[in-house]
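Both of the next two complexes hold chain A, though its partner changes from chain B to chain C.
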Partner chain A sequence: MRRSAAPLLLLLLTATLLALPQILPRFHTYVAAIVLLTALLATSLNLAIGYTGLYQFGHAVFYGVGAYGTALMLTRSGMPAPIAFLVGPLAAAALSLVMGVICIRLSKLYFGMLQISLGSLVWAVVYRWYSFTGGDDGIHGIPIPDAIASPKGSYYYTLIVTALCVFAMYRIVRSPFGKAIQGIRDNPVRAAAIGVDVKLHQLASLVIAGFFGGVAGSLFVVVENSVFPDMMFWTFSLEVLIMCLLGGMYTFFGPFVGASVIVLLRVFASIHTRYWSLILGTILTLVIIFLPDGVLGMFVRRPRPKESTGA
Partner chain B sequence: MDFAANLFSAGTLSQILVGLSRTTILFIVSSGMSLILGVLRIPNVAHGSLYMIGAFAAWSVIQYLGGGLPAFLAAMIVAPLIVAAVGFVLERGFFSYLYEREHLMLLLLTFAFMLILGDLVKIVWGPEYRSVTVPAFFQGSAEIFGLPLPWYNLFLLLVGPCIAVFLWLVINRTNLGKIARAAAVDGEMVGAVGINTGWIFAFTFVLGSFLAGLGGALIAPMVNISLGMDHTLIMETFLIVIIGGLGNMWGALLGSLIFGLTQSLGILVWPQFGIAFPYLAVVAVLVVRPRGLLSSTW
Partner chain C sequence: MLRVESVVKSFGGFKAVDGANLHVNAGEIVAVIGPNGAGKTTLFHLLTGHLSPDSGRILFKGKEIGGLSPHVVCRRGITRSFQVANIFPRLSVFENVQIAVLSRERKTFRIFSPAKGMAEEEVHRILRSVGLFDQRDVGSDLLSHGDKKVLEIAVALSGNPELLILDEPTAGMAPEETERCIRLIRKLSGESGLTILFCEHDISLVFEIANRIMVMVRGATVAQGSGEEVRRNSEVRSAYLGESGEC
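Coming up: the complex of A and B.
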């Protein structure tokens, strides 16, 4: 993307996104909202995996905790809705901090597997704790404030929150902190040698990623009015990872593109076929073999980190 | 909830024995994964799918041969062989070109295969549950310390150690095993002394797949064979391999024991959250020993 074209493109995108609910029928507006919040989720994951180089394999857990936190606050506490929308993401960030402290000592694959394990623990508790989380049924009919309850209202709410969060993450990536985590990704030893506190930066990146993942979860509550344990199952975590990979993990907007493609494909493929997994698996195989840098990665060259020996 | 009373009731011992027989399955499947991880460095998420194919294939073989003990035993051999063939195709067709890629890419590729194989199973066998009845030979229960233990569980308890000994022999006493172990430590060097590592890798992957298929075939009479049986198993297997130490066969055994026993005891102690106990055990192990209990080839 050339720099001169960027503002124009952004303006065009904003106009389109704002106009969408006016043009599209109800169902497609709903799909557009799901696309937006999933894109936010994928972008937040990319902060950890693409920018910091941490194998964040359990990201859906933060999405799920953000959603459950919001849903439980809305259904069970008498608190005003804005507080509920804040509590979900904060719970996700807190969980991210706890899991991060436990996992951060491990490297690469071990980190990812321990995270999946802790995530499965959270999933198992949510799945079984019928009296509190509704167990495998989840929670349905969550009361949403009137202003954002309609399909159009929820779309605009999702659009505004997603835009704010993506902008915030964009600024984070461009900040000195963002440069530091990219330095850690490319060479942790060298980053430590020039005085970067590697663990602290990694932990901060995890917490930020968890928080925005939680925000995506709270948006899901607004759009869907329900939550269920499957949204934090490990297969969904890997699906979000696929979105990042498909769009391009070393670009900022890659995951956004990847998430849009995957969500739209799933919605429209599942109308016609029962074999969505087959399609997704085939796409993934082709991307890994032919496009390891992702769709956007083809246009934007970034230095790819070398795999350190001994994983 | 009276934990202590639950724990020291008469059922505990038989629960442990049943848990141990499930451990056998976990061990067989996770030793296959450990082998592939240790030698090929592939975190194979599709391993669970191979296990599922093993179970479905066993069902088909038994249907085809019409039941009875011979059909059952034939299924225990033919089904893993079918799975091994699938593994051969995957390794030669895809992985053999991609060993240089990052672990993350390999892991995602195997996830892609999991998705594809899952749907292929749906296409071939349909979405319905299948079940295999235990052959008459294994029906009924043995008495152990006055407690009933189904013969089939006892059979599994015997199969487990046999597989462990067999694997130990293959890895430590055959040339192939020695080369595979050397390749696990330094594949490039093994290639440099003139050994075709490609075929060693293929052999390892096929053996690992065979073990996954065997696990699936052995569990067939004990569960409903269904789509999605790969999802929970693969996670358990991964964690077992991780807590045992990546690529360590005995680690896989130890990990399976920890996982299987905490699971069966957990369900006994606290039925509602029993499934959470093995995960807690994994977390506890990794917090104390971040690289697994036994030494790893990684």
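Coming up: the complex of A and C.
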């Protein structure tokens, strides 16, 4: 049933997303764009954590580097904007490669701890280097090309880029590479014993995740016209991680759902109460107890074995 | 085909393998037996690169393989199963085998072409040959214990090995599952002429299917030969068979 409903659902979703800025007021269009790019960020993190099984605890760093890379190129270099939008994500991918080479020697939690440490180092540099990154003030009033500078323009730009990136990642998790990293997630020892070079695949997955995280960062520049060091602080990394857990990290679109819930909650619940994180905490607790595989994980049905097995 | 010469491996002060010798000729079924803690599994880990030997030589087709990484050993032509069924639990039975086939074909770095349908024919053929074809879409963690172990053999087979190493293939299996597993091992050896090295606690099973037997006690090889020779060996009797009283 789900299979036949999927194209219709996708069509409906596309139509809604395309129509949103025409219906919604300016502020809500802005929120929708933030939802989209955060969903892209969460989906990219899930490539590392849900699909490769790596404890990627510092993912916001790649988001931040993607954003700062783009922002610095736009404000300080005379380069055309498209190059700036590419340099940010590439810088994030490069950083991901370097950090990956260092962290990949460790496994599980130790990988995550080292990644947080190295990420904090990057954050500290950005936070302190006033002459280059603007320090804790960040960079504001970043010049955006006219075509995508308006709220509607930036929304559509975000929508198109997010859709393309999510589609690319969807293809990746269904490719032989995607199967191999899922095998590594499930059982690295078994994967190596069938000839898969575990570390090389993990590294490739990290670089891809870092790149798409960087793309999300470059979208943030377009939507927000500014960057600040908090976006790469480790607490935000954890928030993105929570999005994956909430939505379901063993499903492709789970992080998308998780990101939407958390961003909307933050925006709309915080209007009414300063304690919006209390609401989030309650929801998360309930999800973990009742839906351990996340909101979307609940809908996944796995075929069960037949009664008898013929030899 | 495989030659192990005075291999030693110690963990801290404990010598898990201490002077193991073994040779396996192409097409043979060779069993390694020995009491618990004799070092059988450690020896297998040394052969497949999961551990590196402290000293001694491990030659496969005349080339040293001791100390290579597991994935390199696999590409040289040795695949294995583990004592505790070692599969990809979140993937389907089909995908478990498919990854192994794609890995052998060195296709795991293709990132945009869909894997669906890739190598389908071969995966189906392998699943049919081990009797898991009907279960191909089942989540592999939902299989019965016996089927998981058979699936693992299927995964190991997908690497098209020249030497298949099985670490206690029938451990924990129900009698009829054991029967099925023995038939499978015989079939693999008979039909495809696969060379098989395995270790096993079920002594009657060992004498039933192995061409030759190597006996390990406290990490060292104490005897090697046909079932009859091993049975007659006095050292083996005192160290192993005598105690168990099965033979």
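FYI, the second predicted complex is superposed on the first by the 299 of 311 C-alpha atoms of A that agree within 3 Å, B and C clash if a C-alpha of one lies under 4 Å from a C-alpha of the other, contacts with A are read in each partner's own complex, and residues count from 1 in each chain.
Here is the rule we go by: a contact is a pair of C-beta atoms (placed from the backbone, for glycine too) under 8 Å apart; a residue touches a chain by one contact, two chains touch by 3 or more.
Since the model is a prediction, treat every value here as computed from it, not as a measurement.
Colleague: Check whether A:L106 is in contact with chain B, with chain C, with both or with neither, and answer first, second, both or neither.
Modeller: A:L106 contacts chain B only, not chain C.
Colleague: Applying the touch criterion given at the start, work out whether A:Q22 contacts chain B, chain C, both or neither, answering first, second, both or neither.
Modeller: Neither partner.
Colleague: Identify the residues of chain A that lie in both the chain B contact region and the chain C contact region.
Modeller: 310-311
Colleague: Across the complex, what residues on chain B touch chain A?
Modeller: Those residues of chain B that touch chain A are 41, 43, 45, 94, 98, 101-105, 107-109, 111-116, 118-120, 122-123, 231, 235, 238-239, 242, 246, 272-273, 275-276, 279-280, 282-283, 286-287, 290-291, 298.
Colleague: Provide the residue numbers of chain A that touch chain C in the complex, in ascending order.
Modeller: Result: residues 168, 171-172, 174-180, 182-183, 185-187, 189-198, 201, 204, 208, 250, 302-306, 309-311 of chain A touch chain C.
Colleague: Please output the residues of chain A touching chain B within their complex, sorted ascending.
Modeller: Contacts found on chain A: 49, 55, 102, 105-106, 108-110, 113-114, 116-118, 120-121, 124-125, 127-129, 233-235, 238, 241-242, 245, 274-275, 277-278, 280-282, 284-285, 288-289, 292, 307, 310-311.
Colleague: Quick one: which bits of chain C touch chain A in the complex? Just the residue numbers, please.
Modeller: Within the complex, chain C contacts chain A at residues 48-50, 69-71, 74-75, 79-80, 82, 86-92, 95-96, 98-100, 102-104, 107-116, 118, 131-132, 134-135, 137-139, 142-144, 147, 152, 155-156, 158-159, 180, 183-184.
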